[in-house]
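Letters A, B, C, D and E name the chains as they come in the text, with residue numbers starting at 1 for each one.
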Amino acid sequence: MDALTLFGIFILLPLVGALLSYFGRKYAPIIALIFVAITGIFLYVWYGNFGSYTVDIGVKLNLTFDITTWFFMLMINTVIFSSLLFAVSADLKNAGGFSTLMLLGFTGANGVLLSRDFLSLYLFWELMSWSVYVLILRTSGEYARRYLLFGVLSAYFIIMGIGIIYYYTGSFLYEDALSGVIPYYAWAWILVFLILGFGVKMAIIPLHVWAPYAYSSEQPFVSFLSGGLSKLGTFGIYMSMYSIAGVGILDSFGTFRGVSLLGYPFALLGAITAFVGTILAIFQDDIRKLLAYSSIGQLGYVMVGLGLGTSLALGGALFHAFNHAFFKSLLFLGAGAVIYRTGKYKISEMGGLGYRMPFTFLFVLFAIFGLAGIPLTSGFISKWMLYEAAIEKKFVIIAPLMLIASVGAFLYSYRILYGIFLGGLKEEHKKVKEAPAPMLAAMFILMLPLLIFSIVPGWILGWINDVLTNTGLKPIDYTQFTYYSSIGGANMATFWIAFMVLFFVAVAIFIMKRARVVNQYDNYFAGEAPSSVALHAAHNYYKPLKDTWAPMLKYSVDRAYEKFSKFFVDGFYEIKKIYTGNPQDYAAYLGIAFLIFLIIGWWLL
Amino acid sequence: MNENPLPSVIPDKEWKKIQRMLSKRSLWMIHFCTGCGAMEMPPVMTSRYDMERFGIIPMATPRQADLMLVTGYVATKTLKRIVRVYEQMQDPKYVIAFGSCPINGGIYWDSYNIIKRLDKYIPVDLYIAGCMPRPEAVMDAFLKLMKDIDEGKANGWMRYRKYYDQYKRNQMRIFKRWDE
Amino acid sequence: MIVDWLIQAGLVALYLFLAVVIGLLFMGIARKVTARVQNRVGPPVYQNFLDVGKLLAKKTNIKHNWIFDFAPLFALAGVLLALAYLPMGGYKMLSGEGDLILLLYIMAIPALGFALGAGASANPNAGVGVMRALMLMLSYEMPFLLVLLALMIFYNTASLSTLLEKQMSFAWGIVALPISALAADLALQGMMMEKPFDIPIAPHEIASGPLVEFGGKYLGMLMLYSAGSIVLETTLFVDLFLGGGVVLNPAHYGIIAYVVNYLVWFVFIFIVWMIAVLINAVFPRFRIEQAFKFYWKWPTVIAILGLIQAYIMSVFMGVVP
Amino acid sequence: MIRPVLLIAFPLFFAFLSPIIGLWSKKWVRYLIIFATALNATLAGLLLLEVFQHPVFDIIGGFQPPLGIVLMVGPLGAIIAFIINLVAFIISIYNLKVEKEPIVRYSMLYLLLVMGSTGMVLTGDLFNLFVFLEVTSIASYSLAAYNKDKKGFLGAMKYVIIGSIGSTFVLLGITLIYSELRTLNMLDIAARIGTMDPYVKIIAFTSLFLGFGVEAEMFPLNTWVPDVYDGAPNPISAAFASLPAKAGIFALARVIFTMFSFTNFLWFVVIMGLLTVFFGELIAYTQKNLKRMLAYSSIGQMGMIIMGLGIGTTLAVEGAFYQMIAHALGKALLFIAAGFLIYAAKSDKIEDMKGMARNPLVGIPLLIGALSIMGMPPFAGFYGKFFILMGGFSEGYYAIIALFLAASIVEVAYYARFIKIVFEKGNRVIRPDAATYIPLILLAILIVLIGVYPKPILAVLQHVSAFITGGA
Amino acid sequence: MKAEDIFKDLELKFENLKVKGNTLPRYKAEVQPDKLEEAIIKFKSNGFNHFVALSCIDWIKDEKFELVYHLFSYEEKEDVFLSIFLPRNEPKYKTLRHLFPQIETYEREIHEMFGVEFEGNDRLGEFILEDWDNMPPMRKDFDTVKYGKEKYESVPLINEGGEKE
């Protein structure tokens, strides 16, 4: 494997795919699917041989294929594969344009993961962010505009970071940044800029405003955006903190109980994001907005792990990013299947679809178990690692925020389950059919790893360990079925055996008697005959909680941004007065300019 | 009709005996306070007579209840609700009718919308006479019912299942629409 | 290796069975005590066994759809699983294999399974009931999690078995962190859905909330679940704060130690249960807003004080149990 | 061996040929422009290939330097000339759409404009540079007023006043230099600049800098730009954005680097560049009229190029020239697209253009052009902007770069707003005709090609910017 | 102001009803159907703003229905009964629910129980009695005993049939 094959397979191939699939009309997603499958196969085949190469397209692009890249590529490749598989049967309008832009985004993502110098990182980062912009533009221009503003903000934060490094080292390579020429205060600026830059893509609290809007576009794309592309933010922060800067520099800012003073505020920010994201998610009635805020919350957890920096915390962050990629895109695909079948977005308008779409319900249920961290899925293990990391180091602000946020996760999880799948089935949904086969296949692919890695966590912990040792950090200790931290451990094998046995006991008691099935109208309704609308209690679901928290919910970051930008726009109108419009002023400007130039020239002499 | 849960382990006869003993000792009551009988229930439930010592506790939904109390006159409108609640209860289920109104219409013998005899529409296991029987009568009725259950005489739910079509015919003569 | 594995499994099964029996016994005792408080005779102590027997022997059982069956299955399996991970009377069951956070999430399995089944019953009362249950959970989890955190930070361990050993060697939880113990007891009242906080299963307002459509064997299994959860929550409190009832060190005294510890543990959970029952007997039911306001005001403040105390003792004063 | 002088002779010849052909048939005049510019573009291309080996000198009229007109064509001049002629050729296709009657005068002026700009880029002689500057200015003044409506006249008048003041300053500079150094050949001036009396040198430099600044749309001098671009017909404003502006910037670069090499003056140029960017971008946000918005946006882009030149490192200058090329293509594309949108919506207010660009033939090139101007990767604008930023950082201009980034966020804001309106699900979709979408697609392909595989252009620019900043 | 004064203004003949044990003064007056509305308006604007009840009396012998509008004034603590007479065979009157909203409910009940038509009240129809198929039951000529016997006696007992379960 040399430079060209690596560059060819992961960058050129999807680009060619993008061009080809534009003309594929209705079959475009299938074409795109083939290209993604090819890259997937190569990803699997090339697991062993890693290496770094440079490609010259006028500017030198340094690409490295190592375990970290492989780990993140595995996530993104699977997520886009299932999104496109979902899109095959989702009959999107102008499917050609959709698959082109998806593949462009995929190329950008691959490029960011492969690149080991700032030029190619920035190049592919921008390519990925504008292809997402155009994808959102397909649904609504206003949402796309807000996304692009934050996308560009994140790009310019990264540019500032790169610039400062370039000022000191004069080269774009990651390795050169470690050459010790950069003073430690400059590192503070660099890391703050880079983390904020990548943090925008992970929707950390002050920079999260674009997420609920961006997540209201087409479901297959959104599942790739939230499942796959938000992992680039994680990759970016992970690389900039631990591979570009390295633990030595982080600790040079002084450590607070083994955690660098630079990392701790970001961990705190992550915890606040987790808490606020979850609380906001509880009160949303639109399924897409709810999933958007829940995604912000879950990524807050990842941010905590990245901020803390101990090997357990980082392992937890990587594992949680992995889980989030799967259960979040599974949730979005599930919601997409429901929206595809009923055409409704509001949770209170749906109801009882679980009886009509049983498989979709089971997949979404499994994703909810992953999201809420129930031990039946691997979602628990990653959350466990993050909690243990925080408690190990006795952080009394981060740990409670995370724990309470996870309880909040139960609330909005049940709101999704009850609002859409349980409760009374409305008249117009009586004849709703199950989601088409490709959609179910897509969801199945995403569900598999959550189950497998919950039974045998050893495999994925092995990969995560390789990633940690690859970036020079201490590995976490684990065996095939158990994982440990300094203050506790858990064995998933005994858990599963015990659960199976006790479940068998419950089933034994249960099947003693048969039960007669009753239709949904044969319900205790104080003797009256219930109508289908009355059966569904999902309208305004957590109203008492909302009323108690009303004073706190008044403040919204969106309105702060609006006021902030209005202040600047008024300034622009002031400046506009310079161009008065009559030529005499313009001629006067010329004279004044000449005088100023002369004085400056004189003074410089 | 009632399958036997543990056929092999315990012989059928003994199992039925245990079943009857269990349902006797824990009668869960849903209280359909149609008329003036509701006033008699508080003394029965509270410290003076305390029906809970026989395992009888008030329940909120027919699904969880075995015993239904119809306390007072039954108008045609109320009958429809009583039949629905009765059908939502799970076998074995028993009905006790309070006072003279369910027996023969009581003081409303001449009214145009009070049904004169309850067990024409749903099987009643026990009537308690009296224009609102005193709590002692109610307690006595409970004990009588428990004895009937024990001896297997209180089989109203079997009769409802057996003569279901007759009951339905009678009911539909009183009210025309059922599902509204 | 298989043999002692089987013995351990048998012991665990025995302890689980005993736990459920004790749970039903405690429910009977609670009804008796409440009756006596209300100056009436009250049912016999074994009444709940009869109730469960009657429910399981019901002739017809009503169910709505296949999701409806989740409730009893997950509820019973979940609570038994949680009990399996909880050291009872000094015998550490499976707690060596998992820790407090795993236990916390296992306790969520029955709650979620039960909520799923209730939701599938398509009854608005059930939907409202589960909503109240989840909101109540959010309110009492705030102080309870802070208490757990205080314990984990002070004893510097998350595994229950080591926690027991440390309480044996150093000092009981209630001695070391009395403030947290108080907050935990207040949270316990909400966790066990005893009177001031039995908002989700309010019979008068929402026809016993999630239980509205459960009858016959479903209700019987859910009763076993609630019996198990009584023992679960009381044992959790005892394990965290009262050393899990371990008086004699099993290493020295062998079998006798297990029996004595079991009895001491029984007495402790009985006392904790009685506190809850007595509060239950005299309190009216709160509205859900009052429950939030209550839990997020005093118990949370107390829990935070406990956390600060644990933090100061373990980090600054360097007290290491 | 291509004589560079042909590049100037041919447009002149065809310019004066067009009235004759005009007598015969108006239609053929339009095709004449296309043929002339196409010929010029191929010639410039061949010259570019040849110039790779050795710089080409060409003496016109036999006079030896320092008096004769010498065309000194370095690789940079060749590339800029090629781009100018290429864009002129593409815009000439769009000229078919110009309906106003006096097409003959239009083609003459247009070819003069092309000749002037090419001349400014190729010449090696200062006075010759002034002559070509005058030719372009005059052609621009009349073309600006071509629409014969109030806006056209107003813009043209402003352009005349400021343009002529600028030219007088250039003339002042030239006379001062000639009086001191007795030569007008740029290389001689560069060699003997040291002997000049410092005070006279300052005045000469400032006047030249100011004069060419007007053409290069620097901050205080670009007040004419919005009115002229708004008043001029669409193809012409596209031409203005790419032809004379690029020539002006090139001349400015020559003045700063080859002739005076005033290195300690550069930080002031950066400040001026930043001010131009600031005023360009911020006011563009407030514009409701599409063409004025694009005009201010092009001021902003020019400011960026000036800033790039001002920073002075090889990387920044390379980025500046790269951005010059990208901006020429991008702005031409946007102005042509704007022309189509105005034609389709019958009004130049952005609000009325709801959903006009939904047709992929216009939509995709418009999107590519806008994204390239914003500096998005696979398009030409990315490398220019990135190198300028990196150059700025290597010189330590942190604050300036930060302000520039803030201004470019505003730029992204108003472009995104424009795209939102134009791509909204508005009324029915209008199909563009051939003369509109061919140039759009050609320019879009060019932008993507330069963006995806920048090797050839970067090779040239690296060699040149080292030569320029080397101060040799 | 006092009820007598209002009656004088309206030139209405009124009588003071003496009721044993009731100290509050009560007046009853018979009003012509067309003048009733402005009478009520007059009373309402002079303190009698509490509409107590609207009841209907079936004078079967005089072939007339009597509608009694009962008003009460908190200031004067006085009761006023304004009554009108409608022919029994086709009793029709206009609705006064715009004066007091609760009049609508009374009118619905009287319509169901006595069969009096109230134009302008669109909510007449089935109100308390479900599936009622006979003449309005409160009328004196309705024989409830016969109806009760017919309807409920006719329902046969559940014949248990031969074999005993």
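Criterion: a contact is a pair of C-beta atoms (placed from the backbone, for glycine too) under 8 Å apart; a residue touches a chain by one contact, two chains touch by 3 or more.
As the structure is a computational prediction, the values presented were derived from the model and not from experiment.
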Quick one: which chains contact chain A and chain D both?
none
Between chain C and chain D, the fewest steps along chains that touch one another
2
Pick the chain whose C-alpha centre of mass, unweighted, sits closest to the average of all protein C-alpha coordinates shown.
A
Whole-Å distance, chain C centre to chain E centre, using C-alpha means?
62
Separation of the C-alpha centres, chain A versus chain C, in whole Å, is 36
Residues of chain B that touch at least two other chains are 5, 61, 63, 80, 88
What are the residue numbers in chain C that touch two or more other chains?
56, 58, 60-62, 207, 212-213, 216
Here the pairs of chains that touch are A-B, A-C, A-D, B-C, B-E
Hey, which residues of chain B end up touching chain A in the complex?
3, 5-6, 61-63, 80-82, 84-85, 88, 179-180
Quick check: in the complex, which residue numbers of chain A touch chain B?
512-514, 521-522, 524, 526-529
Can you list the residues on chain E that touch chain B in the complex?
129-131, 134, 137, 142, 144-145, 147-148, 151-161, 165
Would you mind writing out the residues of chain A in touch with chain C in their complex?
352, 354-355, 358, 361, 365, 369, 372-376, 380, 384, 387-388, 391, 394, 396, 399-400, 403-404, 407-408, 410-411, 413-414, 417-418, 421-425, 482, 485, 487-491, 494-495, 498-499, 501-503, 505-507, 509-510, 512-518, 520, 522-526, 530, 534-538, 541-542, 544-545, 547-548
Touching residues of chain B toward chain C in the complex: what are they?
2, 5, 18-19, 22-23, 25-26, 28, 46-47, 50, 52-55, 57-61, 63-64, 66, 88, 90-92
